[in-house]
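Got some structures for you, see below.
Look at the two complexes coming up: chain A is in both, with chain B in one and chain C in the other.
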Partner chain A sequence: MAREVAESCIDSVNLELVHTYCMRLHPTKPELAARRIEAIGFQVGLQLAERYTKERPRFADHLEAIKFICKDFWAEVFKKQIDNLKTNHRGVFVLQDNRFRWLTRVSLDAPTTSNGSASGESTQATSARASQAAGQYLYFPCGLIRGALTNFGVACAVSAEVSTLPACSFIVRIKV
Partner chain B sequence: MQQAVGAGPGSSTRMRCLYMFNRQGVCVHYHVWLRPLNALSRQEDQKLMFGLLFSLKSFTAKMDPVGGSKGQLGAAQLQGQGCSFHSFRTNTYKLSFMETPTGMKIVLVTDQKMGDLREALKHIYSNIYVEYVVKNPLYTPEMPFKCELFNLNLDNYVKNLT
Partner chain C sequence: MPPNSRPGDAVFANVERVNAELFTLTYGAIVRQLLTDFEEVDEVNKQLDTMGYNIGIRLIDDFLAKANITRCSDFRETAETIAKVGFKMFLGVTGSVANWNADGTECSLILDDNPLVDFVELPETCQGLYYCNILCGVIRGALEMVSMRTEVKFVKDILRGDDAYEMRLKLLEQVPEEYPYKDDD
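Coming up: the complex of A and B.
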């Protein structure tokens, strides 16, 4: 009988993780906070990868491992698959999720528009604010991907980008 | 200074405005759909509203002919416990009120023919406020907020209220 946990617990833990590391423990050192959170994600990714590939044979090559991450792994963890996978065939993969589960509730304060002035900000300004604010919440998923891939034998570096909420993309660079 | 706020063309909204107060009495959100007459400044208006709610709640509790325990004045109550008013109606508008167990007060001002809004207020609290404000990582609790997702979902929900 599988045990269940409310999803709002995971949302709250992730939220508090970012707040604690980025604002309380290391307010002046954002890179250190990022590395710490990413390391936690790495451990979790290692263990989840073990769990989800119990009955599978080994992966033939890097592409198979990445495709597993996009389909089965993402479906287990975030209940949907990655929407778009791009590669330059030289070891760089871009995984795009058009509605990332942990960013669905992130919304910026509506900008106050005064009467008569130009209506609203340009899309560039809003996306800059969005990526700044939401980027911190993507350290953990980056670590998750890196941990899972490392356990499959693919050494890599993962970074994330937010363009328009709630879409985001993860860039995986395989080390050779 | 009078600001006339009108509803968009073709909208059939019967909402006038929405206030949300936290436990300390700070108005954390004010949303207006149609309010042609503004007699007071924004801050005075909100202070007056909070004072009114506080006084009405204590008045209804004191005047209760059948109620048992008179709880602490100002303490948040569980849904359905104690005695608290939930709406009043005048010849031009109806004001509906709900207090949550965490001390949030939600006030919705609509036109006078509106029905009972208690279920609607509960939905606004649990499915819109909690979902898009409390769970928003960028929101610090107990502060005034203006989240876009909250505004969007609120507008969509109130369009269909009767």
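Coming up: the complex of A and C.
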């Protein structure tokens, strides 16, 4: 039986990772903080991918590697699979998780109008605020995906988008 | 049998658990990145302690909510609770308490097993590093939220050649709870 720790350990460390790099170490350089956090995720993704595919043969193509990320890798790390995978068949994949585990504790303050009642906000404005609130917490998982894919020989760039918490999408762009 | 060892097991069984690998590797990558960013090992030790402190001040709420323990009557009980219930509940390992001083204000928290250090070896260049220093910060932060000012530091570290992970826990001050308003207003 593999060793286990409480999930709150991972949650705490992730939260503190973001606070340390984005607020304490590089408060004026969000790009730098993002790169550092992504690099940490990359390292972990690389190592996890290696461990999870020890017994497996090589992936036949990019799609197989991406499908492994969506099913087995996601299940090991987040205890569920990716809910939706889309591709434009030209090297761009969108991995959608409708309830991303590490975002379940991020919430948005309800916007209020001057008289204190909640205003009817457009979905665009909500998604902009969601992106801002959650964006920092997605650098690490982006790195995780990029590290895992790099281990499988798939060079890529990974970014994330949030529209409605806790759902988010990871966009993988294969580098030719 | 120490009175608190079974509550620790029960709590751990009831919390959401994940594969320790993700935790171990994430922590390792963070330490590695900090070493690259800071170069000075002492600075990294301090950063780990600060990160731990920030985690500890929140983790205490999680602990008190889930651990279902009564208020500790003295510092001895506090130390035992950290070792038997605290470590078990979060890290899945049970620690022990030893080497009390005469006043009962200082003791050692000992861990034989520690998920943070699985697969870890310290290279020659990092000899001054206290790899698990985050734990010191976590304990210090958590205790501060329950009115105890403490000093926590590693005195023995397996990664540095010793036979166990031993933290020296020292109670500096018991701070009485302050209320934000006066009773007679």
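Note that the second predicted complex is superposed on the first by the 167 of 176 C-alpha atoms of A that agree within 3 Å, B and C clash if a C-alpha of one lies under 4 Å from a C-alpha of the other, contacts with A are read in each partner's own complex, and residues count from 1 in each chain.
In this text, a contact is a pair of C-beta atoms (placed from the backbone, for glycine too) under 8 Å apart; a residue touches a chain by one contact, two chains touch by 3 or more.
All figures in this text were calculated on a predicted structure; none of them were measured in a lab.
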**Asked** Looking at the overlay, what does A:S8 touch: chain B (first), chain C (second), both, or neither?
**Response** both
**Prompt:** In the superposed arrangement, which partner chain does A:V77 touch: chain B (first), chain C (second), both, or neither?
**Reply:** second
**Item:** Partner chain in contact with A:E64 - chain B first, chain C second, else both or neither
**Value:** neither
**Request:** Identify the partner contact of A:E50: answer first if only chain B is touched, second if only chain C is, both if each is, neither if none is.
**Result:** neither
**Item:** Superposed model, chain A: greater residue contact from chain B or chain C
**Value:** C
**Fill in**
chain A residues contacting chain B in one complex and chain C in the other 8, 12, 14-15, 19
**Complete:** Residue positions on chain C within touch of chain A in the complex are 12, 15-23, 25-27, 29-30, 32-33, 37, 47, 50-51, 54-55, 58-59, 62, 89-92, 115, 118
**Request:** Would you pull the chain B residues touching chain A in the complex into a rising list?
**Result:** 131-132, 135-138, 145-151
**chain A - residues contacting chain B, complex** = 8, 11-12, 14-15, 18-19, 105-110, 112, 133-134, 137
**Message:** For the complex, give me every residue of chain A touching chain C.
**Reply:** 2-10, 12-17, 19-20, 24-25, 36, 39-41, 43-44, 47-48, 51, 76-77, 79
